[in-house]
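I'd like to ask you about the structure that follows.
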Amino acid sequence: MTPTPVIPPYPVLYEALIRQALAEDLGRAGDLTTDAVIPPDTRASAHLVARKGGRIAGLDVALSAFRMLDQTLSITILRGDGEDVTAGTTFAVINGAARPILTAERTALNILGRLSGIATATATIVAAILPLPTMIVCTRKTTPGLRMLEKYAVLVGGGGNHRFGLDDAVLIKDNHLVVAGGLRPAVERARARIGHMVKIEVEVDTLEQLAELLTLQVDAVLLDNMDTATLRRAVAMVDKRLITEASGGITPETVRAVAETGVDMISLGWLTHTVKNFDVALDFQAD
Amino acid sequence: MTPTPVIPPYPVLYEALIRQALAEDLGRAGDLTTDAVIPPDTRASAHLVARKGGRIAGLDVALSAFRMLDQTLSITILRGDGEDVTAGTTFAVINGAARPILTAERTALNILGRLSGIATATATIVAAILPLPTMIVCTRKTTPGLRMLEKYAVLVGGGGNHRFGLDDAVLIKDNHLVVAGGLRPAVERARARIGHMVKIEVEVDTLEQLAELLTLQVDAVLLDNMDTATLRRAVAMVDKRLITEASGGITPETVRAVAETGVDMISLGWLTHTVKNFDVALDFQAD
Amino acid sequence: MTPTPVIPPYPVLYEALIRQALAEDLGRAGDLTTDAVIPPDTRASAHLVARKGGRIAGLDVALSAFRMLDQTLSITILRGDGEDVTAGTTFAVINGAARPILTAERTALNILGRLSGIATATATIVAAILPLPTMIVCTRKTTPGLRMLEKYAVLVGGGGNHRFGLDDAVLIKDNHLVVAGGLRPAVERARARIGHMVKIEVEVDTLEQLAELLTLQVDAVLLDNMDTATLRRAVAMVDKRLITEASGGITPETVRAVAETGVDMISLGWLTHTVKNFDVALDFQAD
Amino acid sequence: MTPTPVIPPYPVLYEALIRQALAEDLGRAGDLTTDAVIPPDTRASAHLVARKGGRIAGLDVALSAFRMLDQTLSITILRGDGEDVTAGTTFAVINGAARPILTAERTALNILGRLSGIATATATIVAAILPLPTMIVCTRKTTPGLRMLEKYAVLVGGGGNHRFGLDDAVLIKDNHLVVAGGLRPAVERARARIGHMVKIEVEVDTLEQLAELLTLQVDAVLLDNMDTATLRRAVAMVDKRLITEASGGITPETVRAVAETGVDMISLGWLTHTVKNFDVALDFQAD
Amino acid sequence: MTPTPVIPPYPVLYEALIRQALAEDLGRAGDLTTDAVIPPDTRASAHLVARKGGRIAGLDVALSAFRMLDQTLSITILRGDGEDVTAGTTFAVINGAARPILTAERTALNILGRLSGIATATATIVAAILPLPTMIVCTRKTTPGLRMLEKYAVLVGGGGNHRFGLDDAVLIKDNHLVVAGGLRPAVERARARIGHMVKIEVEVDTLEQLAELLTLQVDAVLLDNMDTATLRRAVAMVDKRLITEASGGITPETVRAVAETGVDMISLGWLTHTVKNFDVALDFQAD
Amino acid sequence: MTPTPVIPPYPVLYEALIRQALAEDLGRAGDLTTDAVIPPDTRASAHLVARKGGRIAGLDVALSAFRMLDQTLSITILRGDGEDVTAGTTFAVINGAARPILTAERTALNILGRLSGIATATATIVAAILPLPTMIVCTRKTTPGLRMLEKYAVLVGGGGNHRFGLDDAVLIKDNHLVVAGGLRPAVERARARIGHMVKIEVEVDTLEQLAELLTLQVDAVLLDNMDTATLRRAVAMVDKRLITEASGGITPETVRAVAETGVDMISLGWLTHTVKNFDVALDFQAD
């Protein structure tokens, strides 16, 4: 049984963001250049072309910028979200009035470049650990206002999502432990308050902490900043009683070694906080 | 006469963004972990510490996340926007109720890491071309919703700002030329329509185009994707009659050679579209 | 170790709602009556008095309506969220300018009456099953726009919260099963797609379905519309391997019998969709 | 001449509310269950079925939740706002993609259940006093954010609307009188300030107050918390010179006796503040 | 008994408008001039000075623009809303940081100039008909987004307010009559549907229409575009059974003659749709 | 080569304003009159007719109010933005359901009247100085929230636009000079901080100031409140080295004399702050 494909978010969830992005670029006076230079009846066709290879994510989201300016544009998608393209590939074509295409170009490319950049980086890491079963997941280190879309891009890249926010799971981190007075009181307070559909994960830095944690009732453990030898011992200690997650300073160079320790998951903040833009161009031809 | 320092934006301009970022992280149920684990009367002090060296930008903006949750927190800024810190430097200290500090942490760090990352990258490039007079500027390749703040971070890094949007200057680019039927009609239409306080810049790819442009009335020229030899010839042809801007595929490795061609400005999309997060941590101590 | 008390939401999360509620009542012309009838310098003291017995919830939220109109009002809270009051109890006193108190009265009482009504109903049900360990939980059958506050009121009443939305846990219901082609494919698809910090619950209507479900890997089972005898057998079949939740047509009269079946949880839509307003009055005295 | 039927509000007035309600339920990650379990191309038909008898209100409003997610759904309305249905009646059918129907279900039912619940309760009370001419009206004791829709539901139930807010009529209540120094100064100040298209109503608790009020110039009197004998005397004293309104603790059991006193109107806060949800289900069939 | 003074709206009702107006002026890059030219620690005092004589309205509203940028500014109000000033009068003084005062200046003056312009024009007309008892009222011909504030300015000028919107009174106009099939069906339908606290006014163009209207049950009549002789006859026909309102093409030159016909009210669209800005300056002195 | 025509703003930029204007007029209860008086199936045709001569501006913007209420209305535009009409001209016809046409009427006319009023006043001034090359421009003295639309109306009238906000050009005014310590330091600070695509203009009141300014590096000079003799000398002194702009107390009577001094531009605050509404009516016929 194959899983259902990754589902793009409903437009009702991202349209306000795109409208705001267009308004941010158009300002009060609109597109001075296009309004002055391009006669209103000019028509054009424009090709979305990958300048580098990578994985497309957020194409529908980005294209909605064009549609918001002109509902009569004809848009043909040749390769969509989740597909890999090589440099030079035209993956969408837009035909219609030249002005709205020129005016929405930057807004659309900014979104597409960012989301495809995240998907591409994720896909690279996912490929790097094949065929190990470890899941690559992102964190809450996302851009303000874009969390939903950036988490979606990670899914498109073949990764998984950790928490979407502070409210969908418990993650007791080092700072909580400093203030709460230790592992046991922190976990017990969490168990006494948290609903039945919420999982609890706890961050530990040492095997001593891990040993204490294994005497308490939690669902997952975040093994923070451990070297691979320690991680391997931690995985053995846990012995599948908890979900194990490695995090902290893991790079493309070290990720495979970490995955080979047997952890269930590796979380990487840089998947979303240090994005390499995917290079896309919009090439015009007058009609 | 020294210029006035870079002025951070008024809170009235960014508070809605920070409120939205907090809401994005808090969701519907709030900070499950902190609410469950930390008793309400617990107090703490938390240090904002640089994990790597770099230039701080957006500290006030980021700290407003804490203040929105608790106006009674005491916040001491040791190093502020525009100052360079080394790894390990504590640059701000927050004292007060532990819960709001824990809850706002990620929102604040996401903003601070991004803006300081942009300022740090800009400062590195600016330093790389010293003492050449060339200005390093950013583009409109910014994150949706964050343009004002990202452009501010570039200023803090010692760079300059190109257009903030489609409405504050005319920039006739290659796609406009394709559709408008050539340089001359495009520039003439622009001159006939554009207000007296608006400058006009035109992108050219070849010296032939540049020669034609010099017969027309514009304020600046964008020299796109030229090698340094061609750039040097272009600068000579312009002979200070126009502002000259180089752009297109310029990297940290090549930027000094480009600056040495004598162009007035170098614009770099990756200053804002390919951000390396500045690594900041919030270290807690229970009081 | 006692759990930390229920934490009211941060004002940053509900202020927009209260501002909107005030604007809804004030309209375009404001409080015609108060503006016409009460001289601006009139002062008053006003007592929030319970007309019936019950549990207070949302007092801070409601009082913010007064504070939004006049930050100089002096407000004294005698009994706060989570406390039980009897008919006639004054639980808060407001002193200051008469006009803002009169103008915000209805907005504040509408919120306080609703949230305290939910908390009171929840507390009654929770008391009815003492000392059984069953948790009483609410559902997503909440008022549009008020989910966060209504779920909070249930916590104040001593109940627990089920999902806050479609995005914080998987709950495969009868309609999903109709469309998905049965229990096994639905659960397997869910397991293949869902993140490691998300729990999966499945609704079953019969013991046959339950038997099939027990061969699959899920976290909880919703036993829908079963009589108490069937519930008892279901609990025995599950034998603590899953969290068990009973739902469907359970009333104050039947809830104890359901709890006695040994289910872990009972979910009640009417806790939030059929609210009996808590009767509170604001009694004025001229100063 | 029959009056025009009750007109549902224009979508432009409620779409933001429905969008917000969908966003509240979808959160950041969307409908985890449906996205995981239901293949995108699955089609279904879903029947809106009344579980109990009652009067439908808000059907268009509720159905807009489905349309916002998928404009291609085919929706057939069999019985609409203002019609009475019996338990088991299918009153609308939705055909199309299964996913948006499942995802919008709860949002739609929450609105429909609430508004139909109000209409049903109103219709029951209106029927209880037939054929007396007394009008049953609601108050400002509505849910924050839903006043327009809840007042509309009362109209659908055959009732009338009192004030929509503080700004569309003057209602001098007991608290105003306490602070304003008595009936005469309050009414005279109101008359001196209020526009020509605004009516003035005053609350009285005793026949002595009523006698004083009859010497002043107002449009209506609110007879608060009077027993039926006193109400009858009040109606006689007024002798049709003012509109008479009874309020205060009137229940389904006592409403007919109150109506028989001859008052023009009876206002009931519980029509909107203590709603019994109308029980509606969405029954699916795979296509 | 004097009426209470005109009450300015609560800030909660206009702050969003002022914030939006500031954002409209500040754009994405803020106040380029002030940020570049004025060192951050420069202090100044600025006098709000009337350039012409007139009546102040909206001073608090306008000053909130300064306070939004800098809560530490010291503001002294010498003459407030409702007071008449002569050319050259300083009516408010602002002391503090020079930058926020310069930056908010235009936003504040735009609001103050408009509202004081409306109040001044209203006061002139009100004075022109003294001591006749006719009320001067404004209409719904207001600026999009500013209705509340413009209606308030009319009150400050000594005028009255007609409807604030389509929802606070019935006004059957010529276009309704065209479509509804005449006076009688229109009025009867209105009476059958409209709540007890809502007044009904009908527009008539001829004395024949007025005669028919007097056989129906309404509260007020709008006598549209009648000459003064006809108005006089209309007032006699009505004989105080209805409120009479004259409208249509009435100018400052003709308003006294219209008032002398004995109509109760004169409504003037140009009070709000054709505003003469009140000329105010902000004069700076460096401290 | 003719310039491209003035381009109306994209709906995505003004729809929120129109929606807010409709909501402001509809309030909570909607159009009481139309809902009560006009049966839902009534159809009508309505003609937009100019009551006076003038230039149309904002027709699409205004018509969007009708379309927001009913997308099935048939709208025919006979004369559009930029066209001059005489009194009595029907320039658009709307056919369809009578109710939405009646309900949106005032919102549409308020916008159309204001924008066409601005265009008409601008066109009159532009005609008054023909064939002089001087440009007539507006200022930032616009209505809060309407700047984009009012600036567009000036373009439609044949005028030009000065700054759209504080962020698109530098304009050093008298108040800046008072605080900054004189012309030279102000200009030098500006040059040191301002980006390469931003122009600098400085206000001077005397020829002495102008002489000093000519020794500094700026793009334009605002000659404030100078008589025509002085303006003529200023133009001669500048000798085309800067753009010259005259402002301050210029009226329709004096504008030609000012233009004849040879200044490049004349800026007039009253084009937008003192609008004479364009008189438009919507004439109905029942179908």
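Quick notes on this structure:
Note that the chains take the letters A, B, C, D, E and F in the order they are written out, and that residue 1 is the start of every chain.
Here, contacts are C-beta pairs under 8 Å (C-beta built on N, C-alpha and C of every residue); 3 or more make two chains touch, one makes a residue touch a chain.
Keep in mind it's a predicted model, so treat the numbers as computed, not measured.
Following the contact convention of this document, B, C, D, F is the list of chains adjacent to both chain A and chain E. The chains in contact with chain C as well as with chain D are A, B, E, F. The chain pair E-F and the chain pair D-E differ in C-beta contact count, and the higher one is E-F.
Centre-to-centre spacing of chain B and chain E amounts to 44 Å, using the average Cα coordinate of each chain. Inter-chain spacing, taken between the CA centroids of chain B and chain F, is 33 Å.
For chain A, the set of residues that touch two or more other chains comprises 3-4, 24, 26-30, 35-38, 103, 147, 161, 164-165, 167-169, 189, 192-193, 198.
Taken pairwise by the contact criterion, the protein chains are fully connected, each one touching every other.
Residue ranges of chain C in contact with chain D, taken from their complex: 17-18, 20-21, 24-38, 42, 44, 46, 98, 102-103, 105-107, 109-111, 113-114, 117, 140-147, 164-176, 178-181, 186, 189-190, 192-194, 198, 269-270, 273-277, 282-286.
Interface of chain A with chain F (complex): residues 19, 22-23, 26-30, 35-40, 68-69, 99-100, 103.
Against chain A, the residues of chain C that register as touching in their complex are 1-4, 135, 137, 160-164, 167-169, 185, 188-189, 192-193, 195-199, 201, 219-220, 243, 245, 264-265.
Listed in rising order, the residues of chain A touching chain E in the complex are 24, 27-28. The residues of chain F lying in touch with chain A in their complex are 3-5, 7, 9-10, 12-13, 147-148, 151, 161, 164-165, 168.
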